[in-house]
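The next part holds the structures, each set out as structure tokens.
Here subunit A shows up in two complexes: once beside subunit B, once beside subunit C.
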Partner chain A sequence: MIKLLSANFLRLRKTNLIWGSLGICVGLGALAALGEFRFQVSVGADLSVPEVAQYKALLEKQFFEYAAFIGILAAEFISLFLGTEYSDATLRNKIAVGHSRLSIYAANLITGFAASLMCIAGYMLSCLAVGTPLLGWFSKPAPLLLCAIAGSVLMLAAFCAIFTFVAMNCAKKSTSVVICLLGVFALLLAAVYLNGRLEAPEFITGYELSGNGEIVDAVPEPNPNYLTGAKREVYQFLYDLLPTGQSLQYTMLNFTDPARLMGLAAAVCAVFTAAGAALLRRKDLK
Partner chain B sequence: MRNLLSANLLRLRKSRLFWGLLLLLFGLGVLFTLRRLADQVRWSAWGAQGARYYLTVDLFTYALFLGFGMAAFIPLFFGAEYSDGAIRNKLIAGHSRLSIYLSHLITSVVAALCAAGAYVLPVLAVGFFIYEPPALEAGTLALLVLGTLVLLAAYCALYTLVTMNCSRKSTAAVICLLGMLALYIVSGNVEIPLMHPEYLNWVVTEAGEMIPGDPNPRYVGGMERVVLETLQDLLPTGQSLQYMRADVAHPARLPLYALIDVAAFTAIGAALFRKKDLK
Partner chain C sequence: MEYVLATQGLSKHYRQFKALDNLTMHVPKGSIYGFVGRNGAGKTTLIRLICGLQAPTSGSYSLYGTDFTQKEIAKIRRRMGAVVETPSIYLDLTAEDNLKEQFRVLGVPTDDGIPELLKLVGLENTGKKKARNFSLGMKQRLGIAVALAGDPDFLVLDEPVNGLDPQGIIDIRELILKLNRERNITVLISSHILDELSRLATHYGFIDSGRIVKELSARELEAACRKCLRVEVTDTRALARVLDGMGVEYKILSDGQADVFAQLNISQLSRALDGEGCELLSAQERDESLESYFVNLVGGGPRD
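For the complex of A and B:
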């Protein structure tokens, strides 16, 4: 296992793919902080006005943006990196020299996770380096920020488990790339839809004309789009379960139960790893 | 050229990937229509006003789906020409590189049109009972339909450019899919400043006339607006966003710009392919 890991890390170090992905993350981190600063400047600096105060530039508004795109980057990176194991027949060579399929699977999962972690570390460091002088330090409490960081790392592990599952059980590199990328796009759309349904207000207030011709707020009426009862529970569960749903919550720093999110991410990671390793054990590697 | 086309179309007909794409688009068409039906049932308590959807709300959504769908389909389908050595065989059999390139482009456009048809079919069939007829003039509607079809050709031309000049199928797929996403992000960001209204409010005079109130400091006007609008109309993803909302400021201009896209992508792609070392 250690030999497999060291071989994987050596290959990782020599591939342009990881350096390219890291470069993208570092660039995006710096751009996010700069963009936040520029936005506040364009809105105006008079923060005493309540309408403007909501646009106050805050480091935490951009610091967790990585959660939104790291799934896409990991999908591309893991499927290409692990797909090469099939196309170059490295997988068979590893088995031929006596490594078990389980240890190969675990080593590949750890390598993909480590590379993705490196990418988010690159984003965080560049966002901090550019953002702290321009925007100041975080304004939210440290426990919340630490929870978000720990939770997003577990979310990343769930993403990596899913992509490793696909890449290790699909012998065609191009097919696994397409499945992973289109899959993550589809899951993102699903998460946005779930979020939209869950955020629907309970009551809708329209406008109506009063007797003397003034426009006044109408009596609030129940919103048919508002989810209630078991249906709301199911939507909330799916939103918390999907790694893309979690990524939206961490990006917006809008989550109520971090322990539940972390537990679900760990469960997704465990289920996909167990299923992926079991499938690989039976797979005909030709 | 005709031989190449008939060979490509035969391969298309036998491809599970192609039938999978059609099935996916058909399923999405059914899903969207059923979602509107569920919305109507939910909103029925609000009377007819809450339950009205114009057909154009969902009709052109294929312009978005096929942007992604073709980004996956074209590299997978035509990338196999490289990996299986079919391109070299075609050259050995005496076909020119240009005719090979064009036959691939035409085949991909045919596949995209079939997929669009698979989406539109359930939307029109089931939606006939659900949607209100489009609140547009027939001429404008025809321009929108024509525009989305040329837009599909523009997407196909872009992905054919990448696929025919990238000998690795997986790399071509990544470039097409992530490129598509990047273009969407660009178009989304170009659209934001264009959405700001010119005035913050409107004032009613004593004579009952509406006159513009305070100017909006975030409104983009002049040359900058012209440049942003042109960019939005020229980018296939910018066009997709406009068609999806069926809110198109220049319905006659978009098909023209999409044709320019097709011509430009094809000229660049064919020129690069002519010089490519096929090993």
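For the complex of A and C:
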């Protein structure tokens, strides 16, 4: 497999796709920090006082933004990069000289993951480089930040496993690109919906007109959309299971059980990799 | 005889369709094996199977005596190079980068062999030009160079001259002959361009409807297609006596028919036969080509 990885990384270096994706991430990281700074200045925040930026946790807010879009970038990159193996028929060169399909699959998964990780690193470094002088350093506890970084890396592995599954079992590059991109947006919509349902308040406080004509708070009433019991648990499970659900949680730094998220991401990764490799093994290639 | 590839009752079915049906063939070491058949006869399917791209439905094949089910087959495949249908090259890489890529896949420790390989296939001056912008012939030659990257002993080429211009066909032919003669590479070459194949092949396998209908060497084929005089007589025993007397090579085909492999004076032959009480009914010169041999073998009718 080392030979295959070496070949994949050589091709990675030669393709504009990776440099384009990396450039986008570096640009977005810098823009996110700069945009936040300009916004704070426009609302009159005095960022020269370190405590202000730290209180608002401005750097964190921008630093973890990558979790929101890295899935889309990975979908585009992996489907195009691995789809070339089919469109240019170069997969044959690897199989015909005796490489097993399992090792080809694993090498491609690792390559896609490594490239996506490089993009995240590009975002992080540029965000830190531009953001630290403008927004100050992190204010949240280090273990929480490390948990979010480790968790988002596992989330990325889950994304890569799903897209590798599609790209390695779809004989047409254009089809795998469409499936991966539509799939990631569908998963994103599902995550937003689940988040909306889970974040619904338990009680709704309305307003009413008092006897003397004043508007006052009404007595809170139970929200019929509030999820309870097993239904809430199922929604929460799905929200935690979906890589896009995890991406929202890491972006907002709003997660309670990081071990559960990491475990579920690892499970998604394992299931899709096992299924994808098994399918490829049985596939008749042309 | 040592065989590089041997198949035994090999079958491949796609649902109800039998692409290969109990196919048995033998590719001798050092040969250029012409694999002849019509479109859809099963040539590419066989090549896909032996390259490990697909698994047979039943039957078996062996490469250098190693059965395809054995673990060692992966190592044996390292001695093989193949161009299946279209050349397998990265279109957004240069010729040199394509070879570097394949060298990595094979685990070749240095890139030193790349210039020689590019020169061998005549692509040494392509520089930074991407394979996407190559002509069909150049892509085909790059595909062969990629297949040769591992210094294989066995090269499998599926329709390598399809769509090439006359010069491209000549280039590929000369390259194959050079590889076979100078590097002793065994070549399995599938084609339905028979004239082209007849300039290369040392052995032939004729395939029809997924079965090998005939396997023979070029020498045997030459003998079968040899220029001869087909004579029809009333008594072939008398004919044999006369021809033996003349010291001429011949082959009795039936009670009244024989092929004579010599330039004969018909009047002389007729007089001699007359003396033996035998009549010469007809004499026809025959010169069979590979094409007519193939048509006779598989029939020229419409395909199923």
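Following the convention adopted for this analysis, the second predicted complex is superposed on the first by the 274 of 286 C-alpha atoms of A that agree within 3 Å, B and C clash if a C-alpha of one lies under 4 Å from a C-alpha of the other, contacts with A are read in each partner's own complex, and residues count from 1 in each chain.
Please note the rule applied: contacts are C-beta pairs under 8 Å (C-beta built on N, C-alpha and C of every residue); 3 or more make two chains touch, one makes a residue touch a chain.
Keep in mind that this is a model prediction, so the values were computed, not measured.
S.K.: Using the overlay on subunit A, decide if subunit B and subunit C clash or can fit next to each other.
M.R.: Here subunit B and subunit C can both sit on subunit A without a clash.
S.K.: So in the superposed three-chain picture, is A:D257 touching just subunit B, just subunit C, both, or none of them (first/second/both/neither)?
M.R.: neither
S.K.: Tell me which partner A:N225 touches in the superposition: subunit B (first), subunit C (second), both or neither.
M.R.: first
S.K.: Looking at the overlay, does A:E233 come into contact with subunit B only (first), subunit C only (second), both, or neither?
M.R.: The answer is neither, since A:E233 touches no partner chain.
S.K.: Going by the contact rule set out at the top, does A:K173 touch subunit B (first), subunit C (second), both, or neither?
M.R.: A:K173: touches subunit B, not subunit C.
S.K.: Please determine whether it is subunit B or subunit C that touches the greater number of subunit A residues.
M.R.: It is C that touches the greater number of subunit A residues.
S.K.: After the superposition on A, what does A:L80 contact: first (subunit B), second (subunit C), both or neither?
M.R.: first
S.K.: Kindly classify A:K14 by the partners it touches after superposition: subunit B alone (first), subunit C alone (second), both, or neither?
M.R.: second
S.K.: Mind working out whether A:L181 is in touch with subunit B, subunit C, both or neither, as first, second, both or neither?
M.R.: The first partner, subunit B, only.
S.K.: Given the touch rule stated above, what does A:I72 touch, subunit B (first), subunit C (second), both, or neither?
M.R.: It touches subunit B, and subunit C stays clear.
S.K.: Which value in Å is the smallest Cα separation between subunit B and subunit C when the structures are fitted on chain A?
M.R.: Taking the overlay as described at the top, subunit B lies 10 Å from subunit C at its nearest C-alpha.
S.K.: If we count contacts the way the header does, which residues on subunit C are in touch with subunit A in the complex?
M.R.: Touch list, subunit C to subunit A: 14, 48, 51-55, 73-78, 80-82, 84-93, 97, 100-102, 104-107, 146-147, 150.
S.K.: Mind pulling up the subunit A residues that touch subunit B in the complex?
M.R.: 42, 72, 76, 79-80, 83, 173-175, 177-178, 181-182, 185, 224-225
S.K.: Residue numbers of subunit B touching subunit A in their complex, please.
M.R.: 42-43, 45-46, 50, 68, 72, 75-76, 79, 169-174, 177-178, 181, 218
S.K.: Going by the contact rule set out above, which residues of subunit A touch subunit C in the complex?
M.R.: 2-4, 6-7, 10-11, 14-15, 84, 88-100, 284-286
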